[in-house]
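Each of the next two complexes has chain A plus one other chain: chain B in the first, chain C in the second.
Right after this comes the complex of A and B.
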C-alpha cells in the first residue's frame, strides 16, 4: 500500500503506521505511512491541525512533552522510535537535520554566525582552528552569504539571511536527510523564492533526501517530487507532483487547489471549501473530510477509508487516494481542474464616485530617544500620496517594513503623521487630536478596520453578542442603513445565530475574522481598511473571507483599502494598486495592468517571486544575496 | 513551535471547555479554601465565639497549660489563649486586607495609566516606583513606625505605601501587553470612550493578575503586621492580636508553649492557604483567559 515507487531500491526512510497521541490518549496523528528514498523530495501539505508538523516532529523525535509517537520509523536501518536519546545523538545533525519556520527565534541572539556554524560542524573540524575558519567561510558561500557575515549577530541580519544561516548550520555535517518545516513561511515573497531555490539546489547537489512541510500548495508544487496531502491528522492523498497538479484524486486536494485565488487572472467567483478543519481525534472512524465534502455518500462515513492506489496504468510512481469514490469522481475532478485553468473573468467595471480619502505627502518618522540621549530616526513613510474614490478598492502591496501598515494606522488615527495631510469625506483627519469630540465620533463611523490576526482582534473575555452590541451602540442608533441588531450582523457575515453567546475561543480563525468584519460593519463605514485580512487563515477558509468582503462591497458600495503582501489577493480584490517599498510608492496603477506588465524592477521581482511550476522558477536567484539589505546595529 | 501550539489549541478546545465545568479543585485547594473560609467567618463573628472574655485577667491562674476549661491554657496575665486567638482574627486580617486592597486599587490605577498613556507619564511613574523599590522595606517601617511612636494604623499605612510599586509594576506590564493588541485598537477605532476600553476591555483580561497580586500582598501584609506586633510596633498592648501573643508567649515556652505556638501556627496556616489559593486561582483564570 505504501511502496510508492515501484523500483525496489531500499528506502532511506520508511514510516509505517505512525501515530501520535496525547498522554490522555487523544489522537493527533492518525496512522501515516510513507517511504522516502535518497535524493528524493517529499512535500507534506496541509492546513493548521492537519498533523504535518506533528509528523515532522515525530520523525525527528522532537515532540512536545505529553505527546508520544508509536508505529515504525526506520531510518537507514535504525528504528528511530526505539533507540534511546543517547543513541539518537550521533544521528542528529550528522545524518538527520531540521530547518524550522521562524528564522527570528531559531538562532541564539548572543552568538555570532561563526559560533553557530562552528558549533554545528563535526568535532574533528571544530578542533582545528584554521580549518574550522575556512570551513565556516566555505559553508557560508554555499548558502550564498559573504564571509564577513560570519562575525555578525542574528539581529544584524535580514530574515532571509537568517534562514540561510539556519540552513547552513543544519547542513554543516552533511546530513543525508533534511526536514524543513515551513522554511519560508515567515519570509517575504521575494526572499521566499530565493530560499526555496537555494534549498532545491543544495538538495540536488548533495543528493539529499528532503521533507518539505508547507501549507502552500504552490511552494510544494515548485519544489517537490512527491506530495502528501494531510488533513485532520490523516493522509488523504499521496501522489507525484505532476499527477497531483493535473489529476487530483481526492476532493480535499481538489478543493485546496481550487480555493487558491489565482495570481494571473481575475476570477469572478472564488471557490472555497465550506466549514472548518475538525480535530483529528473526532474523525478517526470516518473519512476526515466527509463533513465538508460535496460528494459525500454513506460509504464515506461508515469507516475510515484506506489509502488506495489510483494510479493511471503504466505509471512509474504510484498515486494513492483515501477517497472511496476516487474512481467514480475522477472525471468530475479532472473537469474541475481543467475549467480552472482556462477561465479568466473580466473584473467588474464599477462607476466610481467622488474622492473619499485623499492622502497627500504623508510622512511618518519614528524617533527613539535612549537614556544616553542618542537619537535614532526611522523613516517609515516618505511622501506618500494617493486617493480612494467612493466605491473603489485600492490595494497597498508591499513587503515587511514597506510602511503599508503605518499608512493604515495614520488613516485610522492610531498613529499621528509627522507631516502631510489626510482628508476623509471632507474631514481633515491628519491629526485626530485636533478634531472636536463630535467630529471625531463622525469620523470613527466613516472608517473601520479588519486586522490580520483573528485570534487577537477580539476581546477574549467578551461574548460575540457583547462585542457586536458594543459596536452597534458605538455607531449611535439610527445610522442610516446600518444593520441594527446583533442577529442582523451575524446574518450579514454568514454566521449562525448560536455564535452570539459564545466566546471567541469557541470559534475558528475564519469565524473570528467574520466577527471582526461584522464589528467593523456595525457602524456602516464608508471606508473599510483590511490589513492582511486572510494572511493568518487557512487556504480553504481564505476564499470564504475574500468572497464575503467582495459581497459587502457590492452590497453597500464600501470603499476598501486592501493592505497585503499577497499578489493574488490584490488581483482578486482591488481596482487599483500601489506598490510600496521602504516607505515610498514605487509604482501605481490599474491592478490588472500593474500585475500583467509591471514597470518598476521591484514590482517585477515581486511578480516573478510567485512560486510556480518547477521550470518557471528555475532561475530567479542567481543574484548575489549578500547584498540583500541587512539590519546594521 | 508556534504552529505546534496552534495545533494543540484547536485540537484541545472543545474538551477543555467541558473539562472546565466538570473539573473539581484538588483536595489541597479545598482544604486551603476551608481554612480561608473559617478565618473569614472568625473575622465577622470572632468576638462572639470566645469561651471566655479575652480581656478577662485571671491573675490566680497565669501561664497555665491546657486543661481546666482552657483548651490552650492561659497567658502571662491569665487570659484564655483560645479566646484571644478567636477574638484576634479580626485585627489580624483586616489590616492586611486594607493593605492589599489599597495597593491593588492605587497600584492598578497607576499601572493602567502608565500602560495606556505611555511616554512621559509612564517614565515618570515607573521611575518613582523604581525609587521606592530601592528602599529597604522593613527598615523603613521600623524607623517610621518607631519614630512616630508605633500604632497599628500607621503600620498599615506604611505597608500599603511600600506594596504600591509591586502592584504598579504587575499591572503596568500586563496592561501594556493588552494595549498593543488589535482588539484594543479596534475598540479605539470604534470610538469607544477611554473608561469603557479600560473597564470593559482591559480590566477583565488582566483580572487574574490583579487577583493574584491582591492575595500575595495580603499574605505579605499579614506576616509583616504580625512581625511588627511581635516587635511591639503594631497593635497597642492589651488588644487581642496574634503577633503580640506570639511575642508574649516567648517567655513562657517551657510553661505553656501554646501561647506562642498557637498564634504562630494560625499565621502560618492562613498565609499558606491564601498563597495556595492565589496560585490556583491565577492558573485557573489565566488559563481560561487564554482559552477564551
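Right after this comes the complex of A and C.
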C-alpha cells in the first residue's frame, strides 16, 4: 500500500506508520502511511477527532506540548522526526511551510503586514532595503492585495485579507511543500472560494506539493488530486479524487457524502450517520467506524482492518480502503451514490397562518469610540422589513457583518433597535424595556433561540437535568402544550434519559446542541430562532440536528427564523429566504426560486462560491479580489 | 488626537482631585479633636488665646467657607501654612521636601521590582513546568505572602542590627549614602510587589507563547530570538504594563508602613503625623499630592499602552 502511484518517481515526502501519542501513552493518531510527490495535491478529510490536524502538525513538527510523534517521515532525504529544531529551521519557510486555520490569530497583532512579509523573506532579499520593499509589494500583488495593505496592521484587515497575508508570508521563500490546515474554514463563503482559488493557482504556478486539511469534502473535491479520508485517528480510504467522488469504497466516506445536505435541491429525508465519533485510542483493535456502520459483520471488529487495494482493473492510481467488506458492498455503495444524484423531492407545501412576527423598517446603528476619541457610526441594519407567518420557516442568509445576528438580537430583545418596529403575536416588542414584567415574561415564552456554539451556550457547572428543569420553571408551569418534565424534553430531542444526570462536558457537540434545542422548546415557543445551529458541528451530525428541527416544526408548527451562511441549510430548512448584505435585504423570495435563479449579483456570487461541482445556474464571473472590503478603522 | 486624550484625562483627574479633597475635608471635620486643641497644646485655653487662634486660622468660619478659602489658595498654588506638624511652615515647601524622599524610595523600589520581576517572570514563562519555573513560582508565592511591615522589621534586624551591612536610621547625605540608607526600605517595599509582577509577567508570557502567531512564526523559520522578542515579549508587554500601574499605586500605600518602620521623613510619615495632629492644610496637601501621583501613574500606563499596541489607538467600544 506504499506507492500509491504505480510508476513511482521518488516521492518528495514519504510517511510510514506515523503515530501520535500523548505523554500518558494515549493514541491520537494510529499509524498513517502515504507518499506525496512534487507538485501533487493531497487532501486529508475528516471530522473533529479524526487526526487530520494531528497528521499535519506532526509533519510540520508543530505538535503541542505533551504530544509526540513517532514513525518515519522523510522529506527530500531528511528524516523530519529525527532532526533537532535547530537543524530543522533552515528547512522551515524555505522548503516546508504551513498555513494555519484561523487567520485572526495567526498574525502578530503588533506588527504591520510589511514587517510580517519582510521578516519572512530570504536573508539575501531581506537585507537589501530597496529590494525588500519591492519584493513585499510583488508578494502582496501575487495574493491579490494592493500595495497599500503593507502598512496596515492585521486588525485593520478582513479575515480573507489576513489569510491572504498569511499565505504570502508562508510562501515568501518559495517552499516546495505547503501544508494548509483548514485554510478557509474561518472565512465567509465568497471569501472562501476566492482563497481556495488563490491556493490552487499558487500551487499550480509553482508546482508546489500541497497537503490540504479540511472537514469539507466539497472543498477537497474541488482542489485535490488525491484524498485521504480519516476517522478517529485512522485512515479509512485513500483514493484519487474522481474515484472517491464516484465510487467510494468505505461506508464512512459514503456516509459523509450522503450526509452533506444538497444545495441544489430539497431532500425529504436528510441522511445522517448515527452516533458520534469515538476517541482514537478506543478503536485501535477494531474497524474504527464499526460502531456506526450499518453493514457491520463480526470480521469488522475482530481486528484492525488493513488498508487494502480496491482499484478497478487497469487504474493508474491506486485506490485503498480499510473496509474488509469493500468488495461485497461495492454495488450497494455505487447504487447509494447514484440514487443521491437522481432523487429530487418536492418541498412540502404547508398551510401558513396569520403573520406571527412583523419587522418593519428595522435599523440599528452602533456607535463606536476609540480610546483617543475617534467616533464612528456603524450601521448594522438599515431599513429591514420582513414577516414570518405562523408555521413558516424563514431563512436569513448572509456573511459576517451582514446584520443577521443583529436582527435576531433585536427580535430577542438583547439589543434595542435604533428605529423601526417589531411586532410579535400582537405584542409591540420594538423595545423590551417598555414592556411590563408580565408582558416580557409572555414574550419570552413566545420566542426562543438556539445558538451556534453548543459548547458555550450551556452552563458547564449545571447538569442537563438542572438546565432543562430551570427552563421549565422559568417558562411558568402549565404552559399550554409544553412538555412538562425533563424526561419528556429529552425524549423530544432523542436523547437517552441517562443524560439527565450528566454535565455538558460529558456530551458530544451534537448531543449538546440537542440539549440546547430541548431547553428552547421547554416553553413551547411559537417562534424559534436558530442562529447557525449546525455551523459548529461535524457533517455526519449536522443532518441529525437538521432532521430534529424539521421534526419539531412538523409536530408543533413552530415558526422558525433560520440564520445561516450555508446555502444548503437554507435549501433544506426554509420556505422563504432573505439575503442580507451590509445590513440591507438585497433579495427576498421563495427559497427554491431564489437559489435556482438568483437575481441580485451578490446572491449570484454566493451561489457561485459553493465549492465542488458548480450549481447549474451559478454565475462564475470571478470577482476582483482586491475589492474585498477591509476593516480599516 | 493623543493631546486631546491627555487633556480629557487630565481634566477628569482634576475633577477627581477636587472630589477627593472635599471628602477628606469632610472626614477631618467629622473626626474627633479640633485643630484648636493641637494649636493650644499645653497652654491654658484662655478666651483671648482661643479667640486669636480662631481668628488667625479662620476656625470659626462655616465649613464650606473654610473649604472654599483652602481651594482658592490651592488655585493660586498656595497650600497654606502647617498648623501643628511644623508650625507656620508653608505646606508647599514641606510637601516638596517630603515628596522628594518618597519619590527616591519609590523609584529605587521600582527599579528593583522591574529588574527582578520581569526577567524572572519571563524566564518562568518560557521554561514553563520545568524546575526553573517551579523554583521561581514558589519564590514569588513566598514573596507575595510576606507582609511588607513584617519583612521590614526582619530586614532591619538581620541586615541592620545583626550584620550591620546597612544603616538602621536616617536618610544619609550624598548619593551613595542615600542609596545605602534607602536599600533596606526599598527591598522591603519591592519584595511583595516584585512577587506580583513575576506572576503577572509569567502569565502574560504563557499566554503569548501559546498563541497561533508564535507557532506560525516558528513554522516560517524565523530566528528564535526574533520570535522571542518581537512576538512573545512585545505581546506580553501589554498586560505587564497594565499590572505595573496597579503595582505602582500599591507601592504608594505600602510606603506608609515602610517609612514608619524605617523612620524616614517621607510623605507617608508626614501624612500620619498630620492626621494625628489634626493639621488640616498638611493632610489636604498630602492627599492632593498622593492623589495626583496615582492619576498621573494611570495616565502614564495608558499612554504606554497606546504606544505599545496599535489596536488601542483604534479600539472599538460597543455603544449600543
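The criterion applied here is as follows: the second predicted complex is superposed on the first by the 616 of 633 C-alpha atoms of A that agree within 3 Å, B and C clash if a C-alpha of one lies under 4 Å from a C-alpha of the other, contacts with A are read in each partner's own complex, and residues count from 1 in each chain.
Everything below uses one rule, namely that a contact is a pair of C-beta atoms (placed from the backbone, for glycine too) under 8 Å apart; a residue touches a chain by one contact, two chains touch by 3 or more.
These figures come from a predicted structure and were not determined experimentally.
Engineer: Taking the superposition as given, does A:238 touch the first partner, chain B, the second, chain C, both, or neither?
Structural biologist: neither
Engineer: Tell me the contact category for A:162 with respect to chain B and chain C: first, second, both or neither.
Structural biologist: A:162 sits against neither chain B nor chain C.
Engineer: For A:170, select first, second, both or neither according to whether it touches chain B, chain C, the two together, or no partner.
Structural biologist: After superposing on A, A:170 lies in contact with chain C but is clear of chain B.
Engineer: Check whether A:516 is in contact with chain B, with chain C, with both or with neither, and answer first, second, both or neither.
Structural biologist: First partner only, chain B.
Engineer: Applying the touch criterion given at the start, work out whether A:504 contacts chain B, chain C, both or neither, answering first, second, both or neither.
Structural biologist: first
Engineer: With the two complexes superposed on chain A, say which partner A:108 touches: chain B (first), chain C (second), both, or neither.
Structural biologist: second
Engineer: Looking at A:526 after the superposition, I want to know if it touches chain B, chain C, both of them or none. Which is it: first, second, both, neither?
Structural biologist: Neither partner.
Engineer: In the superposed arrangement, which partner chain does A:292 touch: chain B (first), chain C (second), both, or neither?
Structural biologist: A:292: touches no partner chain.
Engineer: Can A:119 be said to touch chain B (first), chain C (second), both, or neither?
Structural biologist: Touch status of A:119: second partner only.
Engineer: In the superposed view, which residues of chain A touch chain B and also chain C?
Structural biologist: 100, 102, 105
Engineer: Spell out the residues on chain A that touch chain B in their complex, using ranges where they run on.
Structural biologist: Interface residues on chain A, with respect to chain B: 26, 28, 48-49, 51, 53-54, 57, 64, 100-102, 105, 181-182, 277, 279-281, 412-414, 440-441, 444-445, 447-449, 451-453, 456-462, 470-471, 474-475, 503-506, 508, 516, 519-520, 522-523.
Engineer: Contact residues on chain C for chain A in the complex?
Structural biologist: 1-2, 4-5, 8, 128-129, 211-213, 215-223, 226, 230-231, 234-235, 302, 306, 308-320
Engineer: Within their complex, state which residues of chain B touch chain A.
Structural biologist: Touching chain A from chain B are residues 1-4, 6-8, 10-15, 17, 181-183, 185-192, 200-201, 204-205, 289-292.
Engineer: Can you tell me which positions in chain A touch chain C when the two form their complex?
Structural biologist: Spelled out, the residues of chain A in touch with chain C are 60, 62, 65, 89-94, 97-98, 100, 102, 105-111, 119-120, 153, 155-156, 166, 169-170, 172-173, 366-374, 376, 415-416, 633.
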